[in-house]
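Note that chain A is present in both complexes that follow, paired respectively with chain B and with chain C.
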Partner chain A sequence: MAGYRPSYSRVFLTFARNSLVRDMSFRTNFILQSISTVSWTIMNIGFYLIVFQYTDSIGEDTGWGRDEFFVFLATTWIINSLVQTFFMPNAQQFSELIRSGNLDFALLKPIDTQFVISFPRVDWAALSNLFMGLTLLGYSLFQLTTRETNPLILDWRAVLMYPFYIACGTVIMYSVMITLASTSVWLGRNQTLYNFWFYITNFSRYPMEIYKVGWGMALWVFFTFLIPVLLVVNIPARIMAKPLNTMETHYWQLAGYSIFATLICLTVSRRIFVRALKSYRSASS
Partner chain B sequence: MPMALIELNNLQKTYRVYQKKEGLRASIKGLFKRKYKEVQAVRGIDLQVEQGEFVAFLGPNGAGKTTTLKLLSGVIHPTAGSATVMGHIPWRRENDYRRRFALVMGQKNQLWWDLPAQESFRLHQQIYGIEPDTFQHTLDELSDLLGLRELLSQPVRELSLGERMKMELTAALLHSPEVLFLDEPTIGLDVVAQHNIQQFLKYYQEKRKITILLTSHYMKDVAALCKRVVIIADGQIQYDGSLSGIIDETTNRKLVTLQFADPIDKRLLGSLKRFGHIVHHEAPRVKLGVTRDDVPAMLTAILDAYDIDDLIVEEPPLEEVIADVFARVSETSATQSELGLSRSNDTQVGEAE
Partner chain C sequence: MTTAVSSSSSLSSRAKTWWTILRISLEERFVYRGDFALGTLMRFLPIITQVFLWGAIFAASGNNAIQGYTANAVVAYYMLTMISRAFSSMPGLCSGIALQVRDGEIKKYLIQPIDLLGFLLITRVAHKLCYYAIAIIPFTLVFYLCRGFFENGWPEATVLVAYGLALTMGFLLGFFIEASLGLVSFWFLEVTSLVFVYNLLNFFLSGHMFPLDLLPEWANQMVRLLPFQYLAYFPAAVFLGRIEQDELWFGLGVEACWLLAFVVLSRVMLNRGIHRYSGFGG
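So, the complex of A and B:
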């Protein structure tokens, strides 16, 4: 009995299944949500199509032409949809559990509390963007590899590194969110979660080269080293969109640092989470 | 000396509460400078509970009953003191401990609102790692006892309050806890539902010999279930013993009801006052509160002087006796703070930026 551990994967599958059953029972809501997510995505791409009517690339000599940038955009969508499907509803819920005192029940369960807080809800409707992202990725890569001048040759190392860095990026985003939600313990209420998410994803969804001019450097340093959200999309997108053999040394360094940053973010957020639980007061019944 | 199953030593919990004043101006001021008040929810509780006991915590709102249960469940950390339950320190939240107890709160629910209770139960099965056979057997047993079979596949939001409470109880008992903490499990329920839950708890506790700590505002819950009663008021234990013992220990009053053959007039009421105070009168009956030792002498005198049709001598109702205890405690603490005698770590008003 003493060494007993619950099966985390099975608990997670039940969470996912229960969420699906729940989402399905509000069918129209589910469909509307999927439609609104996909429409936003389509408008998004429409906007960039307009931008590329005025210019050939994002920033001069950055190599972010239309199709390269669409790989970047697809990466943004993939990561965002993963975060919104698996973590966003839970971080939001966590904040609410703290305020209402219903976190009690999570604390009673013989299973890691951070796990049981981070995964109970899966927002399946948000997953529609993952498919949009994968489609755009496929399309852009097809364009890049079949263009007449200087076609991209897919490197197997890039194909392996891409999902790995997507995972790293998702973990960084998760850490930032769980940290933010944990602060509800001290603040009583923290409704800035969605706003904050919007602000930081705003920074993370452009190639980092555009910040490396003038005072943009300050932003670059801040969002690379302090809150490393610039790495989230940039590293996997760069690896996939452009040939690996032309990748600059500092990009390789950032890619290495990215792994380190992921681990640091996860550790720090875990610490803050545990610290928050100690201060939890359990709003009275 | 063998340790008791549940043991609390000088357990204390203090909260810091933001003192918000009324009005917009005060709210704006509060943005910059806040006044906090230290509230001692639990101020040093010593308690021992043996295996198989069914103990009731009684006390007015805010007495510290729920806080004590939350401390014992490890949901919150104490400010001072110690506690062990089955040899575990609750707030360490070891999985070995968490698999062995359960907490049910009448005011909070843990079941997924939009899903049938069954789905939440399955989740519990996995989190607690209950064998499928054992799980099915326990669930069948509990749903038969509580009459829930037909409701298992209905979304929780469509259940009545009573049904939901039964589902919450089922969820809490699926892993067969050895210790059960119940925080007002019958709150807001109608008499029938209350009775059902009482009957169930009684049966279950006797059969499984588990240890239960219960808080409730309903004296009926307590009278039906618990041999031992702990009265908590003002964050401290005021009484610990049997239910009937409360009356013996805390009041020396008896109630005497007299039924007069003759009509009751003002003069008669006036002359009765020397025996005790009149609690209630409605012709032809008068109810008097009398000091216990005076009862025999009083009865002799009254039977001599008046024509009495009927006579009842009884203990005062439990609710009243307990309400008296609560009132006395709050009076004492009020006088103490007025006189500046409050315990050194009592309510302090401090300021913080």
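So, the complex of A and C:
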């Protein structure tokens, strides 16, 4: 028994397959959910199309024109859809497991508890936003590279770095989420998890330049260094949307720091999770 | 004489019933007061990002005002829609009705001398009263701290009266629209997707997402023909003084007509629905 090591990839594949089977048994619901996720994103575009009727860019001299910003928006959707597909349903379930005492069953399994908490449910319908994100990304990159004045030339380094930083961003988001979910051990119940999550990640949805005025600097520091959600979308979006050779030194520094921040977030959230488990007292007799 | 006595006693007993319902719901709601206050305060967080987003938009546009809104007015608008939504949003109403129809709990309204819509309305009033009693603290705090965004200060008395009316009718309109949606479950058991579409349209068309005046003219004209604007945009626009005096009373009149239409609709739906309904088992 001591040398037993479960195959994590196979367990994960089983989780994913089970979820897919489950989603497919309620096919209409699945389609409706996909449509609904997609409609939210379309509405979002609608909002920004209206905004860009009145301005050429978000922030003065920030370079976030319409198409650049749509790359930003696409990046937001891609990361959010990954989080919502793989982690969101599980984090919500985690608070419920604690409240009902069913966490006992997860603790008893011969596999890492954080793994078995984080991955059992895959919300395949949320993946529809990934396609929306990729479509918007493709469209706006096409617009950027084929525009007449100052067209963007895609750099192969940017193309390589983009998915890497998307992954980093997703990990940061996951860490924030699992930390929030862990607090339900102490709170007994955390129904507002989704709200908290929304309010915190809300700060990550805009180019960081907009915060760099007045007391926004404090927010910028807080959400870059303490809870680094501002790096999540900003770094990959900046790398992809604007030419790399014009990227300022401090952006490169932030990009480097972002890797470090990802590791720190993962470690800290792991520690909080383990500590939360230690404080867990089962609910039933 | 006897009829007079019995009718007055039935009236008083009815009032007593409603009062009991109100009291129970209030007590139920006050259990989670800490969660409430904190949750309400958190709800203002997105306003912070709006302040910076619109600051950046205005800075880049080079204009002081967009469609008559200054950067401050946009933020004030968003804050006011929070109040509008505090009145007009009805979390769980529609799905609650659908659930009661589906699992058969609705039978109790057929047996007991309680009217379903009346009961739900009173419960909702209790819910809202309780919500305001707690939420007034974070709301006052945030509005006091952000008073600078309200460049014109307090509106005059008549506008305030109209604002109060718009909010109250917004509450009732929100209630009866969602109740009607919930009652659809007599025909279709599953209304989740319907609720979703409603919430989606509501978010966009009520002006919760952005001031409706920013829409292109043709879209703006169309949106004004729908009832959604009364759930968020209209009260906020009244408070900001964006609606002329004569339009103000006309707007309130139209809102009252929408309200009446949905009251009638929900009544008719309830009656028809109950006739369709068949309950089985205990």
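Basically, the second predicted complex is superposed on the first by the 282 of 285 C-alpha atoms of A that agree within 3 Å, B and C clash if a C-alpha of one lies under 4 Å from a C-alpha of the other, contacts with A are read in each partner's own complex, and residues count from 1 in each chain.
Convention: contacts are C-beta pairs under 8 Å (C-beta built on N, C-alpha and C of every residue); 3 or more make two chains touch, one makes a residue touch a chain.
Remember, predicted model here, so these are calculated numbers, not experimental data.
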item	value
Chain A as common anchor, with chain B and chain C clashing or fitting	fit
Chain B, chain C and vertex chain A (Cα centres) - angle in steps of 10°	80
Touched partner set for A:T14, first chain B, second chain C, both or neither	first
Touched partner set for A:P151, first chain B, second chain C, both or neither	neither
Which superposed partner A:V116 touches (first chain B, second chain C, both, neither)	first
Which superposed partner A:R22 touches (first chain B, second chain C, both, neither)	first
Which superposed partner A:Y280 touches (first chain B, second chain C, both, neither)	first
Which of chain B and chain C A:G256 touches, first, second, both or neither	neither
Shortest CA-CA distance in Å separating chain B from chain C in the superposed model	7
Footprint overlap on chain A, comparing chain B with chain C	none
Chain A-touching residues of chain B, taken from the complex the two chains share	15, 66-67, 70, 73-77, 93, 95-96, 98-99, 102-103, 105-108, 110, 112, 114-115, 119-120, 122-123, 126-129, 155, 183-184
Complex interface listing, chain A residues touching chain C	32, 36, 39-40, 43, 46-47, 50-51, 53-60, 62, 191-192, 195-196, 199, 202-203, 205-207, 209-211, 213, 216, 219
Residue numbers on chain A that touch chain B, as the complex places them	1-2, 4-7, 10-11, 14-15, 18, 21-22, 25-26, 100-105, 107-111, 113, 116, 278, 280-282, 284-285
Residue ranges of chain C touching chain A (in the complex, touch as defined)	35, 38-39, 42-43, 45-46, 48-49, 52-53, 55-61, 63, 66-67, 192-193, 196-197, 200, 203-204, 209-210, 214-216
